[in-house]
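Input: structures, listed below.
Shared chain: chain A. Partners: chain B in the first complex, chain C in the second.
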Partner chain A sequence: MIITNNLTKKYGDFTALDQLELSVKEGDIYCLLGANGAGKTTTINLLLGFIQPTSGSAFINQLKVEENPLETKRFLAYIPENLMLYPSLSAVENLDYFSGIGGKSLNKSQLEGFLEEAGLQSGAFHKRIESFSKGMRQKVGIAIALAKDAKVLLLDEPTSGLDPKASNEFGHLLQKLRGKGVATLMATHDLFRAKEVATHIGIMKDGHLKQQFVASDISLSQLEKTYLETMDYKTLVS
Partner chain B sequence: MFRYNFKYESIALLRSKWIQILIVILLLLFGFATYNGQQKTFKRQADIIEANAEIADADRDMLKLLDSVEQGFQVSASSWTIPNAPMAVGNYHPRLASMPPSDLSFLATGQSDMFTHFVKPTASGDDLALNFTEMTSPVQLLFGSFDIAFVVIFLLPLLIIAFSYDVLSSERESGSLRLLAAQPISLYKWLFQKLGLRFFWVAVIMTLSLTLVFLLNQVAIGSNFAAFMGFLAITLAYALFWFALAFAVNLWVGSSGKNAVALLGLWVVFVLLIPAVLNQLGGTLYPMPSRGLMINDMRAIKAEATQRQDEILDNYLRDHPEYAVNDTTQKRSFWHRYMASQQLVKKELEPILIRYERQLEKQQLLLNRFTWVSPAIVVQGSLNQMAGNGNKSYKSYREQVIAFAQEWRNHFLPMLYNNQEFRSENYAQLPKFTFQRPTYQSQSSALFVVLCSALIVLGIGALRFRIYSKKEQSLVNQ
Partner chain C sequence: MIRKTIKKEIKELFRDGRVRISIFIVLLLLGVAVWISSRQYQNTNQDYAAARLSEREVWDNQGEKNPHSAAHYGTYAFKPKYPLSLVDQGVDKYAGTSIFLEAHKRNEAQFSAATDQTGLSRFGDLTPDFILLFIMPLFIVLLGYNSFTKERELGTHSLLKSAGARGWKIVLGKWIALFLPVLAITTSLLLLAGIVLSNLPDYGVFQWSSLVAMGLVYLLYYAVFTNLVLWVSHWAKRSGISLVVSLSLWIVACLAAPKAASNIAEARHPYPTRQEFAANVLKDKEAGLDGHNPWNKEAKLLEEQVLAEHGVDSLHQLPFNFNAYRMQKGEEHEAEVYFKQYNYLKEQYQKQSGTYRSLALLSPFLPARFLSMGIAHTDYATHWDFSDAAENYRIATQKFLNDNTAQNTKYGERGYKASADFWKQLPAFDYDPPGLDKVLENNSSNLMILGMWTVLSFILLFISTKKI
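Coming up: the complex of A and B.
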């Protein structure tokens, strides 16, 4: 579903991403860990086509992103760190708008069904987004992905700023999407949540993918230790 | 995409307090401008009615006096003013040559702030005394009255700027653009549609407001349909031009702050700077001859003519033997000499006046040649014209008044030189002035210029699409 081949992005002399080789299959949740500036968001921007690669290529559902910028977006959903929807529109209206402009016309019960599936309380369906918490907005974002029937989900720090309950609920939603065969790539700082939801974990540093492993093969403490060692946080490890 | 953009953009606009305030401001401005324009029109109408009433009163008194004279009574009035003398009637009982406001006068004050709408040409007065040579550049009036034209030309662009400066940048700054850009849509089409929808709603509000304005002013839209549609079309084309500018700036500039500054800068350039520069340029390239010197020249010519009045009268009568033949008394008074010299003075003044007029024409020509540079000038000229207060209307009025002044003079000259008395029965034959309003002229060329400007600006916006066609998503990170 998501494949990158030698994906590289340079800004002048600075290399933001260096020869990334990545593969996220159907039903996988791949968590990219790394400090700020490691190249996580650059990877997501390249997969979205927001920026052009210096070399290498990215594929979504076997389509090269660079050559098919609109077509690849039919298969993917994206939830940024701060999901900004239209504040003066309600959750149902936002969902209807984003589905509609993407080419999917849904009726009221379908829209409400997706919001319910995403875990939003029914009392909030017709309330304006301006009164929503970040967690509630993320749920609307998941509903947009569900409504779109996205094959690929790109998440950029989706749990940062969420309280533990909301973060836990979000994790459950990702598992639900995994069950539907969605390939998820999530950039995060949250080691605990990554260990909880991921099938695969990668650690990035300075634009390089330094480590990657199957999540079930590693414990949370091992993950933390490996992460800190990769980041050269020696004093903390000792 | 269009259906959803239309539906939710409309809902979002209706719910936006900022937009609601803008709409209320627009309606208030229209209301106030209509009231203001109406007051000016009423005053103009009232002034003409008052002047007509004064003339009617004076005529009544004159006829009474004339009747007494004709019955052989002694009257207590200066001999100069007794109306049995044709020149007394020609000079002290002139007719009113007025230009009443048109049905649409309230829309654009235009030149009406500068010129009088009624004059009383006298038999002995010269055309210059009618004060028509004061006409300077019409762009000077761009800073004029608070009327509908002012709202359309000056304030509507500011409201459009407030309405559209951040259409793209606010989405980028709030982060929703990233979510939009993750959908399988063209951001250019999306932006074009979004601004198009805002233009649509502005057009709806403008159409309703203008219809209301016409109805409130009791202007029959049916009989003024061409003018109403012309007014609406040129106003909407002008609004389109500003939306096109907003489209280009949103694509080419960047942050909301920069967009706002850029659009306000363009407003200053198109609405203030270019008209002012053209105005100044006209005056600098084709300066008007000194009015003081012209008056001195005129005085010198008149003084010379006064000294040579007897000789001038002889020459005049030689040129007009019909007066000499018909008059057996050969009695010659002040007026005989004065009127004969007036003809000569008029001839000698002609080159001076022509020089004055030519400079004015050159200024006008320069302005006409460059009006396309600023749609604001084109629209102002067009609205003035439609309201009947433009250059063409005043030029026509002036020509009609000068022709009438000549007719008035010519009416009394044979009576004067044939030494005939003015009698009560001659009153009905006095020439009367009726202003023939120039027929409504289609403003299609002005509309064409404004639409072309809008298309050029849209093209400049679209150029970004052409240059960055493979980097459309770069708009997200601009």
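Coming up: the complex of A and C.
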């Protein structure tokens, strides 16, 4: 579903992403870990077609992103770190709009069904987004992905700022989407959540993918140790 | 996608308290402006009808009188207020409403509304054209300045981009959503004006086609503003910047450009002063025949020419009164002088209009303003047309009176009086302004410039917003 071949992005002399080789298959949840500036968000922006690669290529559902910017977006849903929706519109109205511009025309009960599936309480369906917490907005974001029937989900720090309960609920939602065969690429700082939900984990540093694991092959403490070592935080490890 | 965007934008607009207040204020202003204008329209036309009737009665009931005395006594040509002046009063307030028609002299229109007002009138009147030309574009600015910037500020921009939406569809959706309230308000105003005019005594000829044409002109004007405001909003990084730039565009287009155009046109093609104009008329008059003076050079030449033409030796042998004939020839000479001098003024006016048109490339306000006034028959072109029609009537009246004297008296005969019922034989002055076709033909360059503004601003918007 998601493939990158030697994907590179340079800004002048600065290399934000260097020859990234990545593959996220159907039903995989791939968590990219790394410090700020490691290249996680650059990877997501390249997959979204928001920026163009300096070299290499990215594919979504076998379509080259650079050559098919609109077509590839039909298969994906994106939830940024701070998902912002239209504050004067309700959850249903936001979902109706975003699924509408994604090409889906849904009736009221279908829209409510997706919100329910995303875990939003029914009392909030018709409330304006301006009164929503970040966790509630993330649920609407998941509902957008569900309504769009997205094959690929790109998440950029989706759990940052969420309380443990909301973060846990979000993890469950990702598992639910995994069950539907959605390929998820999630950039995060949250090692615990990554270990909880991921099928695969990669650690990035200075634009390079330094380490890759199958999540089930590594414990949380091993992950933490490897991460800190990769980040050159050796003093803290001892 | 377009329909969804329209629906979303409209919901956002109407849930915003500022927008609701703006719409309420614009509607209130429009209602008040239409009410004030309809009152003015009725009052002016009642005065017009009464004055026209009274003046004609005075003319018809002069009793037995010498026709040349009647020519000096004179009469008035009154300019009616045309139905669409209810929407656009144009230059009516300053152009004068009646022209005194007398022998030997072409007078300017007098009794303009502005002369009856105090200096406070400099602040302008609350009229529908003020709302349509100035307030509505401002309303578009207030409604649309953050159309795109809010997406960036809210953070919804990245979600929109990731949704796979085609840029032009989002832009078109936003365009229609911004234009719909403007369309609704403009249509309501023109419909209201049409209903009011259809139910008022019709002093001119009210035609729905003219009202529709006027509406289309305003909608094109608003389309240009909608395009520019959305383009600025797309280009600007923040709503504050977008608002300032859009307001600056409004100030330049609606306030600065028309005043600058007026100053430039006046500086490049100035009208003569009243004194210069009067001196030129007098000079030309003196160079030709004076109908009252049988001893001047031209009168003597005319006398010799007429005697030769009729093969007689004496003016007494002519089959008509030579004095009246000379008077008529004098009138014709004076009429030529006035046409020449007024044509010079008209040429200057045409040149000024040409300058305006060339400056209309800087602002869509100018072509819209000219077209609106033209369709409403409240522009200078209509005033010139009325003034020329009144002058032609004056010349015809003088001929009517002089011919009567020439046919009914002998040379040297004094004290002739036309019968009391003679005056009624003079047809009443009746002026029909140019029809809509003619107005549009005369304003074809303004139509073209406004059309060009519309097309270019659409191209600018849709090319620059290809990618959202």
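By definition in this document, the second predicted complex is superposed on the first by the 238 of 238 C-alpha atoms of A that agree within 3 Å, B and C clash if a C-alpha of one lies under 4 Å from a C-alpha of the other, contacts with A are read in each partner's own complex, and residues count from 1 in each chain.
The working rule: contacts are C-beta pairs under 8 Å (C-beta built on N, C-alpha and C of every residue); 3 or more make two chains touch, one makes a residue touch a chain.
Since the model is a prediction, treat every value here as computed from it, not as a measurement.
Student: On chain A, do chain B and chain C fit together or clash when superposed?
Tutor: clash
Student: So, does A:Gln52 touch the first partner chain B, the second partner chain C, both, or neither?
Tutor: first
Student: Just chain B (first), just chain C (second), both, or neither: which does A:Leu120 touch?
Tutor: neither
Student: Please work out whether A:Leu7 is in contact with chain B alone, chain C alone, both, or neither, and reply first, second, both or neither.
Tutor: neither
Student: Have a look at where A:Leu223 lands relative to chain B and chain C in the superposition and call it first, second, both or neither.
Tutor: In the superposition, A:Leu223 touches no partner, neither chain B nor chain C.
Student: Is A:Ala16 touching anything from chain B or chain C once the two structures are fitted on A? First, second, both or neither.
Tutor: neither
Student: Clash-wise, after the superposition, say which stretch of chain C runs into chain B: 235-243, 307-315 or 397-405.
Tutor: 235-243
Student: In the superposed view, which residues of chain A touch chain B and also chain C?
Tutor: 48, 50, 70-71, 73-74, 76-78, 80, 82-86, 88-89, 93, 96-98, 100-103, 154
Student: Any idea which chain B residues touch chain A in the complex?
Tutor: Going through chain B, the ones touching chain A are 1, 3-5, 7-8, 11-12, 15-16, 174-176, 178-186, 190, 470-474, 476-477.
Student: Can you check the complex and tell me which residues of chain C touch chain A?
Tutor: Checking each residue of chain C against chain A gives 1, 3-5, 7-8, 11-12, 15-16, 154-156, 158-166, 169-170.
Student: Taking the touch rule as given, give the residues of chain A at its contact with chain C in the complex, in rising order.
Tutor: Residues in contact with chain C: 48, 50, 70-74, 76-78, 80, 82-89, 93, 96-98, 100-103, 144, 148, 154.
Student: Sort out for me which residues of chain A touch chain B in the complex.
Tutor: Going by the criterion above, the answer is residues 45, 48-52, 69-71, 73-74, 76-78, 80, 82-86, 88-89, 93, 96-98, 100-103, 141, 154.
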